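Below: one structure in C-alpha cells.
The chains carry the letters A, B, C, D, E and F, assigned in the order they are written, with residues numbered from 1 in each.
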Amino acid sequence: MDFNIVLLQKVIKDSLNEDIGTGDLTTNSIVPANAISTGYIVAKEDGVLAGLPVAYEVFRCLDPIINWQPLSKEGGSVSKGKLLAEISGKTRAILTGERVALNFLQRMSGIATVTAKYVQFTGDSKTRIVDTRKTTPGMRMLEKYAVRVGGGYNHRFGLYDAVLIKDNHIKYAGSIKNAVAAARQIVSHPTKIEVEVENLDQLRQALAVQADIIMLDNMSVELMREAANLVNGRAMLEASGGITVDKIKAIAEIGIDVISIGSLTHSVKALDISLDLQETKTLLC
Amino acid sequence: MDFNIVLLQKVIKDSLNEDIGTGDLTTNSIVPANAISTGYIVAKEDGVLAGLPVAYEVFRCLDPIINWQPLSKEGGSVSKGKLLAEISGKTRAILTGERVALNFLQRMSGIATVTAKYVQFTGDSKTRIVDTRKTTPGMRMLEKYAVRVGGGYNHRFGLYDAVLIKDNHIKYAGSIKNAVAAARQIVSHPTKIEVEVENLDQLRQALAVQADIIMLDNMSVELMREAANLVNGRAMLEASGGITVDKIKAIAEIGIDVISIGSLTHSVKALDISLDLQETKTLLC
Amino acid sequence: MDFNIVLLQKVIKDSLNEDIGTGDLTTNSIVPANAISTGYIVAKEDGVLAGLPVAYEVFRCLDPIINWQPLSKEGGSVSKGKLLAEISGKTRAILTGERVALNFLQRMSGIATVTAKYVQFTGDSKTRIVDTRKTTPGMRMLEKYAVRVGGGYNHRFGLYDAVLIKDNHIKYAGSIKNAVAAARQIVSHPTKIEVEVENLDQLRQALAVQADIIMLDNMSVELMREAANLVNGRAMLEASGGITVDKIKAIAEIGIDVISIGSLTHSVKALDISLDLQETKTLLC
Amino acid sequence: MDFNIVLLQKVIKDSLNEDIGTGDLTTNSIVPANAISTGYIVAKEDGVLAGLPVAYEVFRCLDPIINWQPLSKEGGSVSKGKLLAEISGKTRAILTGERVALNFLQRMSGIATVTAKYVQFTGDSKTRIVDTRKTTPGMRMLEKYAVRVGGGYNHRFGLYDAVLIKDNHIKYAGSIKNAVAAARQIVSHPTKIEVEVENLDQLRQALAVQADIIMLDNMSVELMREAANLVNGRAMLEASGGITVDKIKAIAEIGIDVISIGSLTHSVKALDISLDLQETKTLLC
Amino acid sequence: MDFNIVLLQKVIKDSLNEDIGTGDLTTNSIVPANAISTGYIVAKEDGVLAGLPVAYEVFRCLDPIINWQPLSKEGGSVSKGKLLAEISGKTRAILTGERVALNFLQRMSGIATVTAKYVQFTGDSKTRIVDTRKTTPGMRMLEKYAVRVGGGYNHRFGLYDAVLIKDNHIKYAGSIKNAVAAARQIVSHPTKIEVEVENLDQLRQALAVQADIIMLDNMSVELMREAANLVNGRAMLEASGGITVDKIKAIAEIGIDVISIGSLTHSVKALDISLDLQETKTLLC
Amino acid sequence: MDFNIVLLQKVIKDSLNEDIGTGDLTTNSIVPANAISTGYIVAKEDGVLAGLPVAYEVFRCLDPIINWQPLSKEGGSVSKGKLLAEISGKTRAILTGERVALNFLQRMSGIATVTAKYVQFTGDSKTRIVDTRKTTPGMRMLEKYAVRVGGGYNHRFGLYDAVLIKDNHIKYAGSIKNAVAAARQIVSHPTKIEVEVENLDQLRQALAVQADIIMLDNMSVELMREAANLVNGRAMLEASGGITVDKIKAIAEIGIDVISIGSLTHSVKALDISLDLQETKTLLC
C-alpha cells in the first residue's frame, strides 16, 4: 500500500522551495548548467531503508530526465556502506536536491528502522505495531508510509477516518455511554468506533455499548491481561501509552490486537545516509 | 528574533487540513457547536518550552476569538505537571485543534530542550551551538526558531542565504581554490563564504583563499586544536560531525566559534505535553 | 457532525475568485464603497434548507463584520416565500457575494431536499440512505454534509478511508478471496472491508472471507431478499444501483442496512433561492 | 473554443487529492505497482459526449505516459454501449483515477446532453441557448465548456467580463438610467452593458439609455413578442427565467437573440458512463 | 470601480512571504514584540497617489488591528512632502511591512501619475487613454486599477474577456474575413470583436465584416484621420503603437475613441514615497 | 548563478492563469488544436537580452514538447531586428503564451540593459553595481537575476538573509550602538551586519561597533570620499540614494565597494521585443 503521488509532488515542491528559495548560491556559482555527473546514495549506518521513491521524485522534480537506479530494496535491511541508489544527470540537480532528498530518506528510514525493531518483538503473535497521529505537521502521509515499510501498520490517518473517543470527549459527554451513543448516531457505516479506557470499569462500559475497538490507556501488563480476559474477543483491543521494547513481548502474548506507539513518529532518530558525487564529470555540448 | 507570521499561518492551515480533512468525526458528533470549555496545556516531563505562540495560532485559526493565557514563559524551563497555558472558547476548537497544537509544541519543545542541554556545556565560552539544514521538510522556520529558543543559534536557513562549499562541490571544482574563486565572483556582498575541510591541508587552502568561515568536518578534538592554532583568528571556525555532549566542552575551550549539530533537528525526542479539558461546560445560548 | 472550517474557507475563496476575477464591474460602478444595505435570502420553492453557514462564510469573506441573522433552521423544511436569513453590511459585499452564496445554498439545499425524500420512504426501518463518491469535483465535503443535513448518512469520503473492492479489483485479483486477502494484510485496524457482489455465488465468497460489508450491486428486490436471508446478520448489507423511490420501501423492509444512491450528488436539482436587497440604503460617513 | 490547460491541471490535481487523500487503500493493496492493464470507457445511456480531454488529463496526471485512444468524438452523440475511449497503462493509475475521471465526464456529458436538447428546439432560428453564472463552485470553466460542446453558447464568465445590471442594482441606483450612467462612465470599451427588465416600461428606459443587451426577465411569450416589436433591433434581446422546452420554439420564432437557462448547469443530470478493466494483465519486469 | 479584495489578499500574502521569508532579521532583533509606534507615509516627489488601500492591507496582514488614517485622497495630486497616511500599531508590523507596502504604492502611484499626464492632453475630447496587457506578471489587477485611478480606462483584462484579432491571428487565418468569421461563430453575445489593422485596405476589410472595434496599429496621425473619415462612426476606433505625448492631442481631435499605451504599465517610473517612524515609542504591558 | 526552477514554474503558471483565465477566446476560435507553426522572437530595439530561459518555460508550460532554439545569448547585446529565438510547436501554445513570455522578456531585458549601462561607468574599478529590495511584488527572483545578467550584483534578497539597520531602526533603538548590539546578539554567524549612515558622525559610530558594511545614504561625492578615507578598509562601503550615471564614475574612483540603485528594478523601461509567426502552417493529422 503506497501513497498518493499527486500529493507527494506537492509536498516535494514545497520542500524544495523551502530549501532552495531564490536559488542555490553555492552550486550555481561553481557548477555550469550543462554539467552532468553520477552520484551514489550510501548508508552510513545499519537500518531499514524507506523513502527511496520519494528521494527519486525530489531529483526528478529538478531534472525530469534524471537517471535513477535503485541499488537496495525499499523496506530491506541495509548495513553501513551499502549503496542505496545510483543517480546520474545534471550535476546541479544532484547537488541542489541532495539535502532535501536525504532529509526525507533519513527521517523515513529512521522510522522504518525503529518500527522494524518493535515488530520483531511481537514474534509470531498476531499483534500489530501501529502508529498514532503524533506525526510531524505536513509529513503524515510519508511518516505513516514509513511505518508500513518497517513492518508496522497504520492507525487512523486523521480526525476524519475513524472515531476515537478519548478522555476529553468522555469528560464532555459525561459518560462513555453518552459519547458512543452520540457518535453511533452519525458516523458512516464503514467507520469503526474506538473508545479509550483507563480502567476495567470504563472497559466494561465500553463493552456494554459495543465499541468496535477499545484502547487500554497506560495500563500495566497485568491489568491488560485482565482486560483481555474480560473482553474475550468481543472487541478489538489496543495497548497505548508507555510502551517500551521490554513490554511488547508480554503484551503480544496476552493477545492484544494492536500496540500503538507515538514515538515511532514523534521522536525519530534519523538514519545516517549521504550522497557521494563521483569525481568524473562531463559537459553536455 | 521571531519568525514570519504570514508564513506560519499557511503552515498551520496546511497542518490542520492534514489532520481534520473533511471533519473531526468524534468531536463533531459528541460536542454541540455552541459548547464552550476551558482547558489546560500541561507539561508531562521536564524540559524547555518552545512553540507556545504557535499553539495559540493553531487554536485561533479554528476559533478567532478564543481566549489564551500563557502560564509559562517561552524558552523557560518547565517541570512535569507545570501548566503551560489556559485556553477557553469553543469546545470543538479546543478538541479539534489539540493534536496539531501539541504536535508543534512537543516537537519544538523537544528541540529547545536538547539545544539547551548542549548550550550548557559550552559554559562561559563564546562558542555557539548552531543547527543545520537537516530539518524536517516543511518545518524549517519553526525548527530553527526552536533552536534559538533553546539558547542556540542558526546556521544558514537554506541554499539561498550563504555559500557553503562542501566535499561534493570541491570534487566538482577540482580544488578549494577553484570553488571559492567561482563563488566569490558571483555572490552578493553581504554573503559570507564557508568552506568545509577534512584535514589541515585543505584548511590551509581555505585560508589561502580567505574563506570567511571554515568548517572542520569530523575532526578529533586534537586536530581541531591544531586547526585553531593554525588559523589563529583569520577565519571563523565551525566544528561539525560526530559531536557528542562530551566533546562540546573540549571544543569550546579550544575557541571554535560554532559547533553545528544536525541531530538538534533531525533526531528530535518530543517533549511530553498534553491538554486537559476541564469538566465544567457551558452552552452559548 | 459538521465539517472542516479551514478547508471551507479555502473552497470559498477559490469560488469567489472564480466569479469575481479582477473585480465586479457592475456593482463597483454603481454602488459606492461606503454604502450599506440589508437584504433577505428567500426560498422560491419548497424544500429542505442546507448550506446556511456556508452562505454566511461567503459574505463574511467579503465583509468580515457583516451582520447575519438566520431566519430558518439548517435542515428544516422551508416553503416558498420563507425568509431564510437577513444580512446587513456593505452593499458591495452583499451584491458581489450573492451569486456564489446562492450557488452553494441552492445546490446544497437541492441535495438535502432529495435526500429527505428518499429517507422518508425508509419509514421506521433502521435502513440508512447513504451517498457515494459520485460527487462534483471539489465539492465533496459540502455535498456529503448536505446529505447528512437531509437526514441521510455518508458512505466513505474517498479512496483513503475505507476499502471497497469492486468488479474491476476482483477482475484484477482473480477472485474475491484473493482481493480480500490482499486488502486484509495491509489495511489499518479501524478500517472495514467492503466487497461488491453481483450474484449469490459472489455473495457466498464474500461471506466466506468475512467481508465486513457486502454491496449488492444492481440486484432485484427479490434477489436482495434471498441475499439477506443467506447473510443472516453475518455482514452489513448495502443495496446499490438502480435505486428508485418505489424500491426503497421494499428494500428497507428486507432489512438491508444501507442503500447507496449516486444521484443524491451526481444529478442534483438546485432548490430555487434568491436574495432580495431592501430599497433603503445608508452611506457610512 | 477550448479552455485554459494550466488552470485545468490545477483543478484536476485538487480533485484527485480530494478523492485519493493519503492513498487508495483498495487498489494499492490488491494491485502491484508494476501491473499494467487496458480499460474501456463506455456509455451506459444515450447522450452527447463532453469531457473526454479532461478524463485523459486525469489519468495522465497519475501516469504521464499512459496510452489514451479516443473512440468517440467530443461533442458527438453516443448511444448506450458505445466505447468512448481505450486506456492502457499502469493498472493503479486506471483504477485510482477512474472515479474522478468519470465524475468529470458524467457531469460534463450531462450538461452537453441537455444543452443539445434545448438547442434542437431553436431550429433554424439565429436564437442562441446560453448558460448563466449558476454553476457549481470551482467548475465554471468546465461547465461552460460543456455547454459549448452541446451546441450552446456562453453568457459572461463572471462578474469581471461584462456589465449586467439586475434588479438589486437598479433598486440601489434608483433607476435604470442612473445605473447605466454609472456603469458607462467606467467600464472598458470592449465591454457591453446589459440591463434586466421586468416589464415594458423598464424596457423603454433601458432602450432610452442605449443598453447593448436587454434581458427580459420571466416574461410570457406574448410579452416578449411585444418587447421584440418595441425594440425592433435597437438592442440585443435575452429571454431569461422559467424557460421550458415548450417555450423555446415560440421564443426563437419571435427573434429573441439569446435564451439563458440556469438549469443547464445548476440542475445537471449526470450521463451514466463507466470504466471496464480488461481481464488480461501484464507485469512490467 | 475597485478590485477583488479576496484576490488582493492573496497577492499581498505572496509578496510579504517573498520579502520576509523565514523572518525579518533586523527588526526582530532590535524591536521587541510588544512595542508600538506611529509612522507617516510621505510623498518625496509630486504625482498622483494610487494604492493607499493596498498599502493598508499590507500592514493589516501583519497586524490585524493596526490603526490607519489616510491623509491624502486616492487619485488626488500630491506634492513633495505631503503626508499620505498615518499608521500606528505594532512597531514590528510597521517596519517589516514598510518595503512591500511602498513597493506597491510607488509603482501604482507611478502608473497613476503618468496616466494622468496623458489624460490631460486629451482635453475635452471623448478620447480615452487605455492600458494594454503589457503588465508585470502577477500585478495586472493592481496595475490596471492604477490606470483607472489616474483617470485612464482599461482595455481588456486578459485573453478571456474580449476578442482581439492581431497580425499573427490574421496571418494564420489567411484573411481578416476568415478570422472574424471564426471568432463570431463562437464568442459569447456580450463580447465585442476587435481587429488590428495596419493600413486602409485592412481597415476596409474589418469594416466589411462589421468588427466592433478597429485598432489602428502604428499609423501616422494623417493616416488615422483618413481612417476616421472612412469609418465614420461605423466602428469604435483605437489608436495604438508609438503614441507620444505630442501625438495625443492630435489624435484626440480626430475623434479616435481610445488610445492604448503599453508604456503606462510596462515602463513605469516609480513615484518616490517613504515611511518615517516617529521617535516616540511605547511598550504594551 | 541562476535561480530556482521549481519556484519559476509556479510564477509562470500564476502568470499564465492571470492572462488566460478561462481561455484564449481569440486564438481558440481561429486556430484549430492540431495546428503547428514556427515563430521568431525578435528584438525591436538595442539592448541586453535577459529572460530567454524564462520565455522558453512559458511556452513549455503550454506545450511540453515545443521546440525552442535560442538564437542570441542570454546576457549578450542585441540590436534592433536581431532574432532572439525560434519556436515551433502548437500554434495555440505560441499565440496564447506570446504576451506572458514577452512581458517577462521585455521587463527582464530592460533591467539587464540599464544595469549594463551603469556597470560600464564603473570602468576597471572593483566597484559593484547592486540592486535593492525595491522590486515588483512577486518578481524579485527574476528581477534580481536580470540584474546579474546585466553585469550587476545582488544586494540581499529579502529581510531574511542579511541585517540592514536603517534610519527607522536606529530611531527605535536610540543609537547605532544599541541597534548593532541587539542584532549581533542574535544573527547567525554567516550573516553580515550593515548599517545605514547619513553623516560622518554616524559613520564613526558604525565603525566603532564594527559593522561589516556601512551604507552611505544620500551623500555627496565629496562626503563619500571623506568617508572612504575615514573607514580606510575597516568596513565594506555602499553608496546609496540619488545615484546618477554621472556620479558613478566618481564614486567608483573613490573606492566605494558597492553602489546600490533602486531604479534598476523599480523604474524599468521595458525593452521592445516581439513575436512574429511565420505564415506557413501545418495541421497534425
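Assume a contact is a pair of C-beta atoms (placed from the backbone, for glycine too) under 8 Å apart; a residue touches a chain by one contact, two chains touch by 3 or more.
These numbers come from a predicted model, not from an experiment.
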item: Count of contact steps on the shortest path from chain C to chain D; value: 1
item: Rotation angle superposing chain A onto its copy chain D by C-alpha atoms, nearest 5 degrees; value: 120
item: Identity of the chain that, by mean CA position, is farthest from chain F; value: C
item: Pair sharing more residue contacts (C-beta pairs) when B-C is set against A-C; value: A-C
item: Chain centre separation (chain E, chain F; CA means) in Å; value: 21
item: Centroid spacing, where centroids are CA-atom means, of chain B and chain F in whole angstrom; value: 32
item: Centre-of-Cα separation between chain F and chain A, whole angstrom; value: 43
item: Residues of chain B whose C-beta touches two or more other chains; value: 1, 4, 20-25, 28-29, 140, 157, 160-162, 164, 186-187, 191
item: Chain contact topology (line, ring, star, complete or other); value: other
item: Contact pairs between chains, per stated definition; value: A-B, A-C, A-D, A-F, B-C, B-E, B-F, C-D, C-E, D-E, D-F, E-F
item: In the complex, chain B residues that touch chain C; value: 13, 16-17, 20-25, 28-29, 33, 61-62
item: Contact footprint of chain D on chain E as seen in their complex; value: 1, 4, 128, 130, 148, 153-157, 160-162, 164, 186-192, 194, 212-213, 236, 238, 257-258
item: Contact footprint of chain E on chain B as seen in their complex; value: 1-7, 10, 140-141, 144-145, 157
item: Chain D-touching residues of chain C, taken from the complex the two chains share; value: 11-12, 14-15, 18-31, 35, 37, 39, 91, 95-96, 98-100, 102-104, 106-107, 110, 133-140, 157-166, 168-169, 171-173, 178-179, 182-183, 185-187, 191, 262-263, 266-270, 275-277, 279, 281
